[in-house]
Amino acid sequence: MINLKDIRETARDMLAKGEARAVIGYRRGSRGMLAEPAFLTKPEEADELVWDPTCFHNLSLYLVHDRKHLAHAGKNSGGAPVAIIAKGCDARSIVVLMQEHYFKREDVYIIGVSCEGTGVVDERKLATHLNGVQASNAAFDGDDFVFTTAEGEKRIPAREVMADRCLECRSPYPKEHNLVFGEDKTGRQLEAPFAALDRFEAQGAGERWENWARHFDRCIRCFACRSVCPMCYCDECVVDSITFPVTTETTADEKASRIRWIERSAARSENITYLMTRAMHLAGRCTDCGECDRACPVNVPIRLLNNKMEKEAREQFGFEPGASIGGPSLVASFLDKDPGEFIR
Amino acid sequence: MSKKRTGVFVCHCGTNIAATVDVAKVAREMSGEDTVAFTQEYVYMCSEPGQESVVQSIKDNKLDSIVVTCCSPNLHEKTFRDNAQRAGINNFTCEIANIREQCSWVHADKAKGTEKAIKISRSVVRRVNRNLPMDAVKVAVTRRAMVIGGGIAGIQAALDIANAGIEVILVEKQATIGGRMLQLSETFPTLDCSQCVLSPKMVEVNRHPNIRLMTYSEVKEVAGSVGNFRVKVHKRSSFVDPDKCKICDHCTEVCPVVVPNEYELGLTSRRAIYIPYAQAIPASFTLDEDACLGLNPIRCGKCKDVCEAGAIDYDMRPVTTTEEVGAIVVATGFDLYGPENMPELGGGRVEDVLDGLQFERLISASGATKGHILRPSDHKEPKDVVFIQCAGSRDPAKHCAYCSKICCMYTAKHARLYKKHVPDGRAYVFYIDIRSGGKGYEEFVQRTMEDDDTLYLRGRVSKLYRKGGKVRVMGTDTLTGQNVEIDADMVVLALAMTPSKGTMEIAKTLKIGRDKDGFLAEAHPKLRPVESVTGGIYLAGAAQAPKDIPETVAQAGAAAAKVIALLSQATLSRSPLIAKVRRSHCTGCGMCVEACPFIAIRLEGGKAVVNEALCEGCGSCSATCLRAAIDVKNVTQMQIHEMIEACLA
Amino acid sequence: MEKILEKKRVDDWVAALTGYEVHAPALEEGIWGYQPINGPIRLDHTNTKQPPKEFAFPQREVFFSFEQIKGEAPRLKQVMPSGPRHAVFGVRPCDGRGVPRMDKVFNDHAQDAYYNARRKNVAYVGLACNKPPSANCFCLSVGGSPVSTDGLDVQLTDLGDRYFVKAITEAGKDLMTAAGKLFADPSAADQKQLKQVHAAAVAHPQRAVNNPDQAPAKLKASFKSPLWDELAQACIGCGICTFLCPTCHCFDINDEVQGKAPLNGQRVRTWDNCQFPDFTMHSSGHNPREGTGARLRQRVCHKFQYFYENFGMHQCIGCGRCITECPVGIDIIHVVNKVVENAG
Amino acid sequence: MPDNIYLPSLGRIAYIKDEVVGERAIKTFHVEPLDGGWFDHDCGQCAMLSVFGRGEAMISIASSPLVKGYKQFSIMRVGRVSSAFHDLSVGDVVGIRGPYGNSFPIDDWRGKNLVFIGGGCGLAPIWPLITTAVAQRGDFKDITVFYGGRTSRDIMYRAELEKLRGSVDVHLSIDKMEEGWDGYCGFVPASVMNRDPSPQNAIAITCGPPIMIKFVIQNLNKLGFKDEQIYTTIENKMKCGIGKCGRCNVGKDYVCVKGPVYSWAELKYLPEEY
Amino acid sequence: MSDQQPYEPKIVAFLCKWCSSAGSDLAGVSRIQYPANATPITVPCTGAVSPMYIMSAFNKGADGVLVSGCHIGDCHYLEGNYLARRKMYLIMKLLEFIGVEQNRFRMSWVSAAEGAKFAQVITDFVGDLRPLGPQDKLKRAEIK
């Protein structure tokens, strides 16, 4: 069981001693019980921090924001690192970012939090459980989540309202960390990894297409999936259809010869191309934090696409995203024994 | 850059194309392209008048790029590029659309063939729209070579290069050159004395005006690329001035320190100050810093006192120099597979079980026993000797998957040499099969079996251990299916050849790849066997793969020839179709660096930088980059995008 | 025209609307959305994920197509929206109030032929909110009401087993007369119940923007407030808040090309979004709205200041979508309140 | 205004001139109506030009309203659409819709001294004003033009400027000294200070890079120009040109409708969003 | 496409310059007939084929996409085809996953000496594509 006091204490201490430039964590937002990202720079703000089942955001995204901000201002990080609260999946994202030289290990201070026996909630599942009742607080309690509502305390077995990614998570513990809270329950399994994917894959090709066609049709190309993903840190996405002066170095020629792989129209064909390209670009990089899936306002099951890539990578290439900072990248490496039977 | 003025020249190729492709229609369709300013058909574009009209049309119509739709680019790309140049436009703005081999010859249906020919032509027109005029990349060349490793491979390569009038720096890690060959007794298949062949070459190296010898030295860092490498060499201190040392041996007489002699593979010992071999080059003693009592006259200083030549200098310091060379030959040789990895063969801990090199020293006239075969444990002459081949080789499950290639031969040699020394001794050889491809090799083995009465047992040894002053060898003879047990006086393991430690280190330093077994990887297994993947770095000897001396010498000669060919040019010229980074889009993720088979990309200040001298233009980087931040010139993603569009229009 | 319609006869009404394509909320993948209806309709929805703005302002609108043969002048072919009239059922009062706001935008200064062509072809059948459909509803504080009829053509009020049906416009009357015999005249009791239901609806507690009337002036005074950056720190710059907003109208115009020889393509309008980082970026890279703070300010001030200054009403109609759907908890109520409060 | 404001009319490129070459190339185009008439415009207004298949870009109309047969545009090659323009040849057909935006209140300025201060490609938006004033030379008192480029090769309308010299005071400047340059050397705001034009009965009109405008205005204030005497134009990204696409606004005002011409007295009080 | 004409699958074939393109030349020299449905795009190496190209070809209306290069171990650039094999495997799996017919994407190794094989690969591919009919899943809607 993680004691929130310890997290707050750590944050306060680091800020007071100047050991961290900022602490990125979670705090209670203005809309009910849901946590929201918190950016602390003063020790006295440490008491705002929370740790509960609504802390679903992958805060490593804000390390990316921070780095972009610094780059824009022409500064280098210098001095103290940014401290960040990271779950298992989030910490893996941080590892991938470092693997891709996005920042250095010493630029980040990882305050790991173990998801222990459970994980975070899926708002959609929770909504059906609460049935219109508003909750004002959420808490971990062993295998249950406990919600405070106007109608009193509501205890729900965590697995009933947990996000799929947490149910299927095989390493709910931030291996890479400077400091970690909570027990390492790696190896615990609530559902088989890729359970949701397997269920989906069990359908025939025709059914799969029918499902995806409907999903792709719904996409409104709000790009929340891309914006919320720490791995989607490119200054200009290849699927952007507009020319985008990335830096002052970008020449008129480069802007003029921007490739329009897809159109801006939210049509099915374009949405597919966008989402499939995104999945390809995340192959071996997505750490299954599930944020894209969560953020999508129209419930496109984006996670399945990324999961599919993850599963293939694991099973065919023995590849695990975010496993180590110095490790190879999936698509820039190969093994002699990679599958080749599909080739004629 | 304003819009291109492209000319399209549609060749009939007699009826080769015209019979199944409506050439007039192809020309008509192409003239509808935005950038096409001129089209022409002709019966034989590659004929003299055809070529003339291409040149003339370029001039007359102020064309800046052309597409010739004809046969395979392998045939006439050069022809028409030359024409382009002759007409005053850049040859890289000429492209070929292959509508013969890939179209007219393989499709009989004229309508469909024409449609496909149009698509092919259109896609090439779109491609040419974005072709940049380019000049071949020119790099000036430093006319000096470096050879790393002073075994027979390095020695041969250095001599060949030096004899061509090119300066060579030969860098050897040990105190003497000579490598493994210096440790051998006599060599198959001729059984001539190894040192007798080698020593003159070593002396020649030492005397050669074009060779600078740097022993006791190691390469620490390499920068630059083909034609212009800058190599940092670190020379350890030997504390003895080779020019003054008279090799009088007085120093060793007084040195109180005794350590095992690595050159004799631990069969004997030496002092802290020593000479590896009598024939060492440079001919000088060396003071082993680690063994010496302290390089300090107060603590010891005995050797310095007795050295009349005043050659010993305790204050000598290591030096690091930077050498500029245009090409590098890597000849860092091999080691033997560690017996400690093979518990089934005693794990290196059973007495009187030797490896091949130890046996070489044992029978060498210059070795510890002055050529008498005496087993180490009790210095008695062994009467039953078991030779075990493939010790560690050809065993993918537990050890090395590959065949070490020379063990069959040297085991046969060992058996014969043994029988020569101990005519009443019995020699047994365990083998899997005999691989004796090579001039005179098979005859050599046969003679060992027949004339020298060696018992060849086909099978593996499952176990050996010491029993009553002997080594019990348990194996099977797969030919008879019988279990075999031999109580041997001595066992010799033909251990697998592995890349030497120095080879593994140098591969890292030079960033040249290694194959799956750890040997240095050649650029192409068939076509470029002596080149590394990195331009200007060549491979020779056992560092690249297990091989014997003749093969080593042949490869060294080939590497030298490559170096000579390279360095005889004043400048290098390379294809300009290489990768280019869009710096503003590169995030420095390093994936391209990882993907590039030619190690042509590095990260600098958070951006990918392509080494123009190394890039081969394969495009692996561009297909890997998630940000389309790296492209191969004239085959850019934009061009492919538009070609795809053209193919589907 | 005021009538009573028994709930079970709603489907008959829909069936009687032969000249119309009828749309009503339907649940797909856990999402309420307007869908063309052939069978029975449901009006027990919360609010739809997407507002009904698409009926007049679809995400993709083709302006015209063009064709150009080399050496000839291009031929343009105007594409005007056409098709059957639409009747959209189940529009919530807040979304209804979005309609006149969009009308203003698309007719101020210059008339937008495409919008108007679609607009005159659609009739909105609203449904009063007896109870706020979302925890983030705040229509009352922005001048609306759960029983508002603004922008609607017909208003339905749920009276248990019947609907109180009220025609607001001529178009609404047409809808009702199309199936005149299904309707009964309301009794006094019906009228009374309507009043009660409406009163209860208005009395239902809601979240609120504190001083909506002061907002324009206070926001104006707060243009340079450091609060913007602080409040927008978590914003990821996605398109959710705007794409789902019933009154957001920003768009982009692009040429989509299919063949190049001859050139053939179309000019297309697609939704765009002031929260995308490149929205206002010049080709030079200069961006008048650099950073999430400036962009959040634009969104909030557009809703609560600029629109007010131009048209005398708030553009935000309090549907709460942007609050509920924001993946990182940016809450327009909180933002406005905070900035206004801070302006002193 | 036409029924469908988004439907462009067609115009033929009648003339192309390389104004500036290099990385920041500028070309000048004359566009003639393909058939029939032309819309009229006032000094300072813009038009949405399109190359079909590539898209639209808002460009200032650089010719005087007095010129009837064609409209002039000077386009800098910066991106997708502008590059497409640079690829065009005489005879090619483009789309055009407009005119958009407000204009310079030239009628209020008759009888006054006019001081034009331009930098880089910022000469295009004020060029119709300069040429109109020169055509109606008698209506105005002293006309002074300050104009600077980074190098002498970046000076646009060079020949035309030289031709003006008789009736107008022209001061050209470049940022860094070059051989053979006899004009001022230094930034435009300094060039203005160097000549200190009098604010007496004068209107100053400035256009150029935002940073230049900022210093020009500071300097004009120093010289005694009042905010009402200073005019400038601003360019925010635009897609529709009619106040709907939502990006060019500065506070409540859509620049495509209320702008692009502003007096400093107005602009000063608008939020800094340009 | 008019109704009378039989359906002809459109294929984009990415051929590496050293092996498959040379192999197709050999098919030509040997006059081996095969269907005209595949339009070749020559690339330096299969390693240069970005998955984006595959997506884009389908998006632009290809009924099938072929990527063909040197056999493993024969790559002119040593490792390009190893890298390609992995990338193409992934994109193939992804296409399959969303329900695109397996037979729409194909990869083959055709060496410079395998003219007959090249012809066979195309013939088989066209044969496998024909029953699938036009690809409209990823295809951008046509402008009328």
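Just so it is clear, A, B, C, D and E label the chains in written order, and each chain counts residues from 1 on its own.
Quick note on the criterion: contacts are C-beta pairs under 8 Å (C-beta built on N, C-alpha and C of every residue); 3 or more make two chains touch, one makes a residue touch a chain.
A quick note: this is a predicted structure, and the numbers were derived from the prediction, not measured.
A.B. asks: By the touch criterion stated at the start, how many steps lie between subunit D and subunit E on the shortest route?
C.D. replies: 2
A.B. asks: Could you pull out the chain whose C-alpha mean position is farthest off from that of subunit E?
C.D. replies: Measuring from the centre of subunit E, the most distant chain centre belongs to D.
A.B. asks: Which chain is in the middle, if each chain's centre is the mean of its C-alpha atoms?
C.D. replies: The chain sitting closest to the overall C-alpha centre is A.
A.B. asks: Using C-alpha centres only, name the chain that sits farthest from subunit B.
C.D. replies: In terms of C-alpha centroids, the chain at the greatest distance from subunit B is C.
A.B. asks: Where the CA atoms of subunit A average out and where those of subunit B average out, how many Å apart are those spots?
C.D. replies: 45
A.B. asks: Determine the centre-to-centre distance between subunit C and subunit E, using the mean Cα coordinates as centres, and give it in whole Å.
C.D. replies: 46
A.B. asks: If you average the Cα atoms of subunit B and of subunit C to get two centres, how far apart are those centres in Å?
C.D. replies: Centres of subunit B and subunit C (C-alpha means) sit 70 Å apart.
A.B. asks: Using the touch definition from the top, which residues of subunit B touch two or more other chains?
C.D. replies: 1, 595, 624, 628, 637, 641, 645
A.B. asks: Going by the contact rule already set, what residues in subunit C reach two or more other chains?
C.D. replies: 252, 254, 256, 260, 263, 265, 281-284 - these are the residues of subunit C that touch more than one other chain.
A.B. asks: Spell out, as numbers or ranges, the residues of subunit D touching 2 or more other chains.
C.D. replies: 78-79, 82
A.B. asks: Using the touch definition up top, name the residues of subunit A that touch subunit E in the complex.
C.D. replies: Residues in contact with subunit E: 201, 205-213, 238, 261-263, 267, 269-270, 272-273, 276-277, 279-280, 283, 304-305, 308-309, 312-313, 316-317, 330-334, 336, 338-340, 342-344.
A.B. asks: If you look only at subunit C, which of its residues touch subunit A in the complex?
C.D. replies: 28-31, 49-50, 59-60, 135-136, 233-234, 236-240, 243-244, 252, 254, 256, 268, 270-271, 273, 276, 278, 281-285, 323-325, 327-329, 331, 333-334
A.B. asks: Can you list the residues on subunit A that touch subunit B in the complex?
C.D. replies: Within the complex, subunit A contacts subunit B at residues 100-102, 233-236, 238, 246-247, 249-251, 253-254, 257, 259, 261, 281, 328-329, 331-333, 336.
A.B. asks: Once bound in the complex, which stretches of subunit A touch subunit C?
C.D. replies: So the residues of subunit A in touch with subunit C come to 29-32, 34-37, 39, 57, 61-62, 124, 134, 214-215, 218, 220-224, 226-228, 240-248, 250, 252, 255, 263-267, 291, 294-295, 297-299.
A.B. asks: Which subunit B residues qualify as touching subunit A in the complex?
C.D. replies: Residues of subunit B touching subunit A: 1, 130, 516, 582-585, 587-592, 594-595, 603, 606, 624, 626-628, 637-638, 641.
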